[in-house]
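What follows is a pair of complexes built around chain A, which joins chain B in one and chain C in the other.
So, the complex of A and B:
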């Protein structure tokens, strides 16, 4: 214990902790838009920090690992009547303690931005962060092993740059062997088997690196290589093909009291109080249209597995890029109404065969009809086309107008027909 | 001066700063960066600009480790005009890094425009030289590395403060980024050339 305390001060553990906290805290602050108000958001950001923190840990480890040989004191220390592994263990533990305390401090700092606002505490986010912490320890120890092997002052910057570039250039999207774990959606959660495989890999790597650091014989080094290879093999074999699955808890819809129903995923339940009233007002506005929506669902449209079925019954609100640091809508109620009524409560079709321009013009006309405002900026071609379509539509008798809008909504939901044609000619006969 | 005495002084200066190792390994590592970037080049790969910045950081870090000797305090006591020597050292190191970057850029995948490569090298060497004059040379590359990691992971920003923060990722014609790099280069070079490397302790 005394040796551990001495090494905490003597080794590069404090340097490592300071660098980790500074770089990590600045990144948490710079990327605040992407994680606030959700525990899982913070957890995956803690893993994204590893882009920078793993290179830092490797470099600091390499600096520590090469110190004795650079200073020319290995012979002196060799005279100590203790076996080599016993002398190195306190150093390795001090480095691990430094990086772990720093990572925990970052988590604590980040939770200040989450705890007051998170509407959903469940999920396995602590495990996601814990695996990241193991990866950091493995990086620090691996750096020590490399530094002991090549004790040059050039080793730390070389390791830093190449590990960083390697991660940035890696084409393995969410590979099981990579420290960084990027979530495709707020409603996704990492598969438990994937997380377990990562735990096996980084745990094995840390053990192998520690063996390398403390090794005094060729056999110990061979054993370390075998452990690392076995860990890599086992985790690659057991890892599922897709890292992320739908979060059954977080993606479950919770609805505001009363009718018509206005729902949001549990992880985003904080949007409901502000959403409910504008959403019901939008439903009332759309009600005259024959196939008007009867309920509102807020979700993340960016990830196919959670995309809601396309139906005219549901008005879907995309939550992406629309929430602020407290997990609520950035837009004021008036802005929310505009979002809800866009395209008479429809979503765009992916990759329309008739081109986005006709989609945009039709959307502007339909939006203009519903909101009673001009169709849009009539400065470009689509704006003028939308404006013309809207004035033609308004010249028709009202039942025909509503029928045209219903045809347009059907076309938008099915994505089998040009919505502008639907708006100008009505339902196919 | 001429003759073996002159050459010996030069050699001792370079050896005291471990320049031979850095000079020998820098082209090798730069080549490795080029190979890495080439192997992963593709439509979905990271922007080449990031590779360019990382390569510049690597070169600057190597130069940074050579900015001081094992005992800077002892050197300060020598009755030698240090500032011309430090100037030559810093300028030669910067030119070497820029030339290697251009070589990688020409031979392998295009990393960035020449102006961007020069700006990034100058700015990063400025940060490194500034740090060397305050905390010594051996870890003088750390602030430049931290800044680069931050900028690349957080991504380029377009706001005023964001441009200053991510200056090394801005396009060549970004005025704020160029000014930031120039300020860093001038202050770092001035501080290092006038004050020399700090000599706190051996690591």
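So, the complex of A and C:
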């Protein structure tokens, strides 16, 4: 205890803790839009932070590891009774404590932005963060081992830069051996087998690094290398090919009371109170169109595995980039109605076959028809094309107008033909 | 864990060396020394490069002897089985005393006490005692990096003393000390030497005269003289160079030794 108490205060543990908190808090603040109001969002951001925190831990560890040689105590401490591994244990534990307390503080700070708003506490997010914590400890100890071998003042900055570059050059798409774990969607969850494989790897790496720090013989070093290699091998062998699967809990749709149905994934259930009324109003507005949608589903359109089936029955609201720090829609009810009615309740469908411009122009004309407002800014070419299309459409008899809009909606949902042609000719259903 | 209470065969001497040899590659730094040390303050005197520091390092178990035999506290020095127990009873101030600059004086001394495997409950009291003994009581809470050279040297003495060692090895302990501090250190050494085997390596003859009960002069890895300080002082004559009787004795004995070595060749 004597040595641990002293090392906590006098080793680089405090420096490491302070640097971790400062860098981590800055990144949490800068990336606030990515994670607030969701536990899993915070958890994956805690893992994304490792992109910067692992290099910091390596560098602080390397500085600590070089202390004995810089201080010139090897002569004196080589004559003491306590064996070298025992001497290293308190400082290694102090470094681990420093980085763990700092990481926990970041999690606690982040949870202030999550706890009041999160509608869904499920999922394995604590394990996601715990594996990241193990990776940080492994980095600090690995840094100590390197610093002990190369006790130069250049070692910490070199490690910092190279670990940073190394991560940038490595495959960023969630390799099992990489500390950073980036989620493709709010509705995704990391496969438990993948998380277990990462636990094995970082746990093994931490053990190997500690062995390396305390090693006094070539055999101990060889053992450390063997442990690290074995952990890497086992974890690569058992890790599934895809890191992320659909979160069965988080992605399950929950619906607001009453009809027509307005639903959102459980993890985003907080959007429902504000969404329900504008959504039903939009359904009423679209109802005259023969193939009008009959229900509204909010989801994340950015990740194929959770994309809803494309059908005219469902009005899909993409949640990406539309939520604020409390997990609610950023837009006011009026803005929400605009989002819902855009393209007469369809998603955009640009395709090289007909081009981006025609899709936008058709969208603007259809939006203008359902909202009763001008099709769009008449200042650009699409705007003028959209406006012309809208006025031609309005000149037709009302049943023909509705038939054209239905043809347009079908084309948009199938995404197989030019939506502008559908709107101007009304051809095949 | 601790050594048995009954004395080991050579317990009469704290340290006994016979034909002790240390080689660094082809160079012989210590050349077949026969020396014994018991309780008391023993001076190790000799010109720079005579092998004093090499001998101190071997006695401190910092490096191994390459030939001959050495028993420390009754145990053969190569005996790994007892090395840890022997080291608990050693105190060592290396010639280049390294320290952790961020530690306070008290923390550093307590840390060394922990390294010497003292019982945790005894450490704070023992550290306080030795810090006061080297007159750093008012600096105990100061960081090591804020200390002057003389103060650092006294922390070096304090850490060597913290475990009440039975063998205390001090390599050039008076370096960096002002005259008053030197006088105090010599008194401290005489006090410690009443029960402990203290070996002080120095090239400063006046330290020996003031602090030591007996002297060994080492030259080119061999013992040039072994005897009391009085014998050392009596060995010189007016013709020998030196400002004091002890210095004249030292130069005379060194000259006689070298003459004998040359004659033997």
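By our rule, the second predicted complex is superposed on the first by the 424 of 429 C-alpha atoms of A that agree within 3 Å, B and C clash if a C-alpha of one lies under 4 Å from a C-alpha of the other, contacts with A are read in each partner's own complex, and residues count from 1 in each chain.
Here is the rule we go by: contacts are C-beta pairs under 8 Å (C-beta built on N, C-alpha and C of every residue); 3 or more make two chains touch, one makes a residue touch a chain.
The structure displayed is predicted, hence computed values, not measured ones.
With the two structures aligned on chain A, chain B fits next to chain C without clashing.
After overlaying the two complexes on the shared chain, residue contacts for A:221 are found with neither chain B nor chain C. By the touch criterion stated above, A:71 is placed in contact with chain B and with chain C alike.
Once chain A of one complex is fitted onto chain A of the other, the partner contacts of A:384 are absent, as it touches neither chain B nor chain C. Looking at the shared chain after the overlay, A:295 reaches neither chain B nor chain C.
Of the two partner chains, neither chain B nor chain C is touched by A:322. Shared-chain residue A:2: touches chain C; no touch with chain B. Once the two complexes are laid over each other on the shared chain, residue contacts for A:63 go to chain B alone; chain C is not touched. Between chain B and chain C, B contacts the larger number of chain A residues.
When both complexes are overlaid on chain A, the residue A:80 reaches chain C alone and has no touch with chain B. Of the two partner chains placed by superposition, only chain C is touched by A:10; chain B is not. With the two structures overlaid on their shared chain A, chain B and chain C come no closer than 5 Å at the level of C-alpha atoms. Shared interface residues of chain A, touching chain B in one complex and chain C in the other, are 67, 71.
For chain C in complex with chain A, the touching residues are 57, 60-62, 84-85, 87-88, 90, 92-94, 96-103, 107, 110-117, 120, 123, 159. Listing the residues of chain A that touch chain B in their complex gives 19, 22-23, 26-27, 30-31, 48-49, 51-52, 55-56, 59, 63, 67, 70-71, 152-154, 156-158, 160-162, 164-166, 168-171. Contacts from chain A toward chain C in the complex involve residues 1-3, 6, 9-10, 67, 71-83, 87. Residue ranges of chain B in contact with chain A, taken from their complex: 18, 21-22, 25, 29, 32-33, 36-37, 40, 42, 44-46, 50-51, 54-55, 57-58, 61-62, 64-65, 138-139, 141-142, 145-146, 149-150, 152-154, 165, 202-203.
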